[in-house]
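Residue numbering begins at 1 within each chain, and the chains themselves are lettered A, B, C, D and E in the order written.
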Amino acid sequence: MLIAEIIGTVTSTIKVKKIAGTKLKLARTINPDGEPTGKYFIVEDGVGVGNGEIVLLSDDDIAINRIVGIQQTPIKSAVVAKVDKINIYDLEE
Amino acid sequence: MLIAEIIGTVTSTIKVKKIAGTKLKLARTINPDGEPTGKYFIVEDGVGVGNGEIVLLSDDDIAINRIVGIQQTPIKSAVVAKVDKINIYDLEE
Amino acid sequence: MLIAEIIGTVTSTIKVKKIAGTKLKLARTINPDGEPTGKYFIVEDGVGVGNGEIVLLSDDDIAINRIVGIQQTPIKSAVVAKVDKINIYDLEE
Amino acid sequence: MLIAEIIGTVTSTIKVKKIAGTKLKLARTINPDGEPTGKYFIVEDGVGVGNGEIVLLSDDDIAINRIVGIQQTPIKSAVVAKVDKINIYDLEE
Amino acid sequence: MLIAEIIGTVTSTIKVKKIAGTKLKLARTINPDGEPTGKYFIVEDGVGVGNGEIVLLSDDDIAINRIVGIQQTPIKSAVVAKVDKINIYDLEE
């Protein structure tokens, strides 16, 4: 799973049926220090998070079908956890 | 799913049967501000979009078979939504 | 699918049975303007193309098994179309 | 599989059921010389390793279900081995 | 499949059962001219190659289970061919 930050939402009227009714959010990947790493994903929110919150993203197909509640959804990434804290080991380098 | 912009089409006469009859479009990935991020994909258009439009791309195999209407299609990416608006949270950094 | 250019072949005597008899070609990915983007793949040729030709590559497992004609082939990428023309929309930026 | 270093843990209270009870660790990929290569993954620990240890990461779905002990877990990466030593061939270049 | 060079081995005592008994090798991806492209993989050797040899790597799940001889192995990449020669087309650019 990847660490990411929720930074917005996406509005779409014209879309395939299999994503109708979903609430798509915009996530950007970050490193453990919170710095963006340059990748953006449109994701389903499986836990209920808001803008600015740090999350874990999964791209497991079967798990996402379950989270989205739609079999064979084209959605490929979902928020599966809200991160409370990232504990980084004191690396001596 | 990724955010992308439709920027053209591809013409091909010689191809495997499983993509015959498809209308392949050229997409480039963009960030939420609309800047290209350097990746290009040949995609099936599942919703009917034109050049210059912002879309969501999915690479889910089963969903794409459904969208393309061909089982076991080699097409690996499809437009699944036309984006009306990307709402970016006011990040203070 | 990705846009690529066929730039050579690979000769191999010692290999697993499941790729014996295949004709492996060397492809490099390019952008729509024909510039190499730095990735190289060893691919099966599903349509019959020559060096210097522009193609579409697919990495769909099931489709590739069909193209290669070997179930459970380790080959992961195949030429599925010869590109006649890439039509790029006149982007004003 | 990738070479990585365990550098911390992640604490999360709000998460989907399928990852409840797991002990998620933070890993960063490294090259054979131990230098970070810029990618971070949240992983399940299948062997019991501590901070600063070098490991092998796998992202095989079925293998991870077995390691995590949860079918259809959204966890996509797991520690499958603790590395004792990486033996690099003396390359003359 | 990717072109790579075998550059070493990995020693591991503590590991999950599904990789016990395997002989893991260290590979780095290279371009057709032999220059490293910055990616490293721990791979199963399906054909019997030594350090410094050029190989083709596959990451096909089912093919790798067969090569490793273990169902549901977490190993995700395997040497499937020893490369005798890469024949590059004379590109005029």
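Definition applied: a residue touches a chain if its C-beta (ideal position, glycine included) is under 8 Å from a C-beta of that chain, and two chains touch if they have at least 3 such contacts.
As the structure is a prediction and not an experimental result, all values here were calculated from the model.
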Next item on the list: State the superposition rotation angle between the two copies subunit B and subunit D, fitting on C-alpha atoms only and giving a multiple of 5 degrees from 0 to 180.
Entry: 145
Item checked: Geometric centre distance via CA averages, subunit E-subunit A, whole Å -> 32
Notebook entry, point to check: Roughly how far is subunit D from subunit E, going centre to centre by Cα mean, in whole Å?
Noted result: 20
Item checked: For subunit B, residues that touch 2 or more chains besides their own -> none
Item checked: Ring walk, subunit A to subunit D and onward -> A, D, E, C, B
Margin query: Can you tell me which positions in subunit E touch subunit C when the two form their complex?
Written below: 1-3, 31-32, 37, 46-49, 56, 58-60, 62-64, 66-67, 78, 80-89, 91
Notebook entry, point to check: Inside the complex, what are the residues of subunit E that reach subunit D?
Noted result: 6-16, 18-19, 24, 26, 38, 40-43, 51-52, 61, 72-77
